[in-house]
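Order of writing sets the chain letters: A, B and C. Residues in each chain are counted from 1.
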Amino acid sequence: MKWLRACRSKSLALPNAVLTSFWVAAVAIFVATGSNGRAENPHADVLAIGGTVTEIIYALGQEHRLVARDTTSTYPPEAQALPDIGYMRALSPEGVLSVEPELIISEEGAGPPEAIDVLKEAKIAFVTVPDEYTADGIVEKIRRVGDALAVPEKADALAADVRKSLEAAKSSARAAAVEPKRVMFILSTQSGRIMSAGEDTSAEAIIRMSGGVNAVTGFQGFKPLIDEAVTAAAPDVILMMDRGGSHGAQNDELFAMPALRTTPAADSEAVVRIDGLLLLGFGPRTAQAVSELSAALYGG
Amino acid sequence: MVAGADHIDYQAPVDRMQHARRLHVWLLLLLVAVSLASLTYGATGVTLWGTLAKLWAGEELTRTEAVVLFDIRLPRLFLGICVGAALAVSGAVMQGLFRNPLADPGIVGISAGAGFGAIVAIVLGALLPVWISDLVGNQLIPLAAFFGGWGTTLILYRVSTRRGRTSVATMLLAGIALAALAAAFSGVLIYMADDQQLRDLTFWALGSLAGSSWTKFVAAAPIIVTALIASFFLGRGLNGLALGEATAAHIGISVQRMKNLAILCVAAATGAAVAVSGGIGFIGIVVPHLLRLASGPDHRTLLINSALLGASLLLAADVIGRAIISPAELPIGIVTAIIGAPVFLWILLRRRGIVDM
Amino acid sequence: MLSAENVKVTIGSTQILHGLDFSAQHSAVTAIVGPNGSGKTTLLKALTGDIEASGTYRLNGCDPAQLKPWELAAMRGVLPQASVLAFPFTVVEVVRIGLRSGTSGDHAQVVMAALAKVGLASYANRFYQELSGGEQQRVQLARVLAQVWHPVERGEPRWLFLDEPVASLDIAHQLEVMNIARDFATAGGGVVAVMHDLNLTAMFADSVAILSQGRLLQQGPPAKVMTNETLSLAYGCTLQVNTEPSETDARFLLPHAASLNDIVPAKSA
């Protein structure tokens, strides 16, 4: 597949006719090798699994082809009117089949594996979209979804747009960050344990893009932190996902935790809350997330 | 000769055994009915009758109909029957062995051990050499769960057996200790787990038949069916054990052999059931208890009836779990707990003060 | 014929039985008596195989340790001192537990006859756990009787081992149970009973084994061994044995107001 992608990016410069014929060839190769379940029918009924995939499908203007979505697909709000087939890591094969999709576009990590096996057995085209927390990664996601939906031109246009605005957002964020702030992402504070984001996480990536520094280092992924590690991380700002409700009360509760009380963030009551899908989705709206976070960190 | 005995009013004995044998038939019918419901109900509109009519007319099934019926519902049905029967019979055998109506494979740590195995596989599975993961594929978690349950049972057995005699009391206490240890190690791993692994763990712990496949069925069924058939021979032994180990030996039961067989059956059946479906609670306690109320505690019929009712209840819970938030589904462990816990409380309240269980 | 020679039992580091000899005949009731801690129940448990014991032991000429559990169960029944029951079995079901299923067609009759024998035929469908302690004990006796219903099977006597069978019974039922034991012996079976009540022992036993501190003091017919000296020595207090003024010559004991000074220290040979 890698060679194909390389060819495709070269082909961008070629005239439209060549591009189109190239795509016809590419599609033919895919179908012939059967290495990927690409939709042959541009009007295929589509099931979107993963919030960002759904967002991209809407951004490509292909929402009329959606028949259902998963629980994490909450944006745009209209998407929530679609039937919900459950959480992406605990799919029920028959539930998926019941919405009669002809094409499933899924973020990485859909499961359980047995369910995916059954769906493949049912000969439903299944496209997996990789999740990477970079501008290139977003572009790749959009292209994959566009390919799967057979609207590559629209995807290229959207990808170019998204890349442009993201680069712009990133550079203005960089400019604003004269003194980079130490940001700690807190996923949850369940039973007094602070679950934070370490290295190689979506949270770290968005913090960096917005001109901040991840205050938490030394491990990968999302892990619970011991209290002293929280204090030692000395975050200037706490970043959380917005779950609605009263932020004031939530802040009081947050800074009542001994681990957080001594941090610089507690002194200035610096808590930023951004919708989880917007913040960590790495899709078309990431530029917006970067601008919002940067504004929250360094002022508009 | 003795006052009161001179007016012998001969009370004809009520034969609860016969009642229990009639119950075999009724429960078998119930299982057939629930099985048909499980086959015909689903999120897609595919019905058993529709497809049968099509086959009868010699028409070809559509791809969806074939997949839904043969790759989704049938393996799920068979796996559900195996798991439900295994859980209920394991519960009944454990209760007989410990002479306690509240005993359950969970109490002696077998489920905790299996859970620990699953957690190890989920959290540390990525560290395995590639050739192992290639070899076992998707079956890593079930395999680990099975060996976790099995290993726990072996340790328990070693700890509580001295000079060829297994002390049931020691086994119970050691089981509690082992369960705590497994929970502690699981806790360590949960601390190491990342967000996605934690979500996998949660879904695994709730128990579900959603991952049913022929592969799982083929792996689990031989173990469960063998253990179930073997455990049906434990009936008379467990009845004798109700009178205490000494009396059981006096009436001609080779107590140690029976205990060995019982523990082996429970470890195999529970290990395999937990491996393929995660932690499903309450079937093992509620089913034997209901049946004791209905037709007496005689294990010769209780074990067979437990298998039938356990399978029916699990399938019913599965259908409900599939229906409630269709097209998504509720993990079956939640359904059994929501139904099981109140039923159990109700039984306890109703029976309180009449007979000490 | 039951014979046990040089029976030794050690539990932990304590030796309970110091190599005693004991025998019992069929068609007879053999009682084991002795003070608390003398090893009566331990001896019975050694004979029923509940605890490990060394020595030579023959029951009807066989070594019980070599028999299969069910072969042994066909030869003898055991009534324990205290019985437990898990799960709500009815009386008739408890009695039936003692039977091997599928061996003969007249099970139901045997079960009811055994219950009738202990005077509980009308309790057949009651829950065992709802009965009084004495009634439970009689149900257990019925269970043991049903297990060895015919005192002689294929020319071989069967055996009843009873551990304090009358402990929780009123006087009427004490007599009833001892009569059942007597009948079993009269019909050709053998009965070995651990007894607390010396008067009942004197009335019903054909042979009495008097134990003291893990040793056999004496064994023989009550008229011979139940003497003031032996009993006083065994129990460590002054006891007065009287003889019934009738032709039966049965012995009976009355509580004797012994002063502390009269207590004879139980010294064994």
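As a working rule, a contact is a pair of C-beta atoms (placed from the backbone, for glycine too) under 8 Å apart; a residue touches a chain by one contact, two chains touch by 3 or more.
It should be emphasised that the depicted structure is a prediction, and the values quoted were computed from it without experimental measurement.
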Inset, instruction - Set subunit B aside and report the joined-up groups of chains, separated by bars, or one piece if nothing splits. - result: A | C
Inset, instruction - Considering only mean CA positions as chain centres, point out the chain farthest from subunit B. - result: C
Inset, instruction - Averaging only over C-alpha atoms, locate the centres of subunit B and subunit C and give their separation in whole Å. - result: 44
Inset, instruction - Report, in whole Å, the distance between the mean C-alpha point of subunit A and the mean C-alpha point of subunit C. - result: 82
Inset, instruction - Using mean C-alpha positions as chain centres, tell me how far subunit A is from subunit B in Å, no decimals. - result: 40
Legend entry - Residue numbers of subunit B (touch at least two other chains): none
Legend entry - Residues of subunit B touching subunit A in the complex: 42-45, 63-64, 67-68, 71-73, 137-138, 191-192, 194-196, 199-200, 203, 208, 210-213, 215-216, 322, 325-329, 331
Inset, instruction - Going by the contact rule at the top, pick out the subunit B residues touching subunit C in the complex. - result: 1-5, 8-14, 16, 99-101, 236, 239-244, 246-247, 249-255, 292, 296-298, 300, 355-357
Inset, instruction - Would you tell me which residues of subunit A are touching subunit B in their complex? - result: 68, 71, 83-87, 89-100, 109, 111-115, 117-118, 121-123, 187, 195, 221-224
Legend entry - Sites on subunit C touched by subunit B in the complex: 48-50, 68-74, 77-78, 80, 83-90, 92-94, 97-98, 100-101, 108, 111-112, 116, 119, 121-125, 127, 129-130, 147, 172-173, 175-176, 179
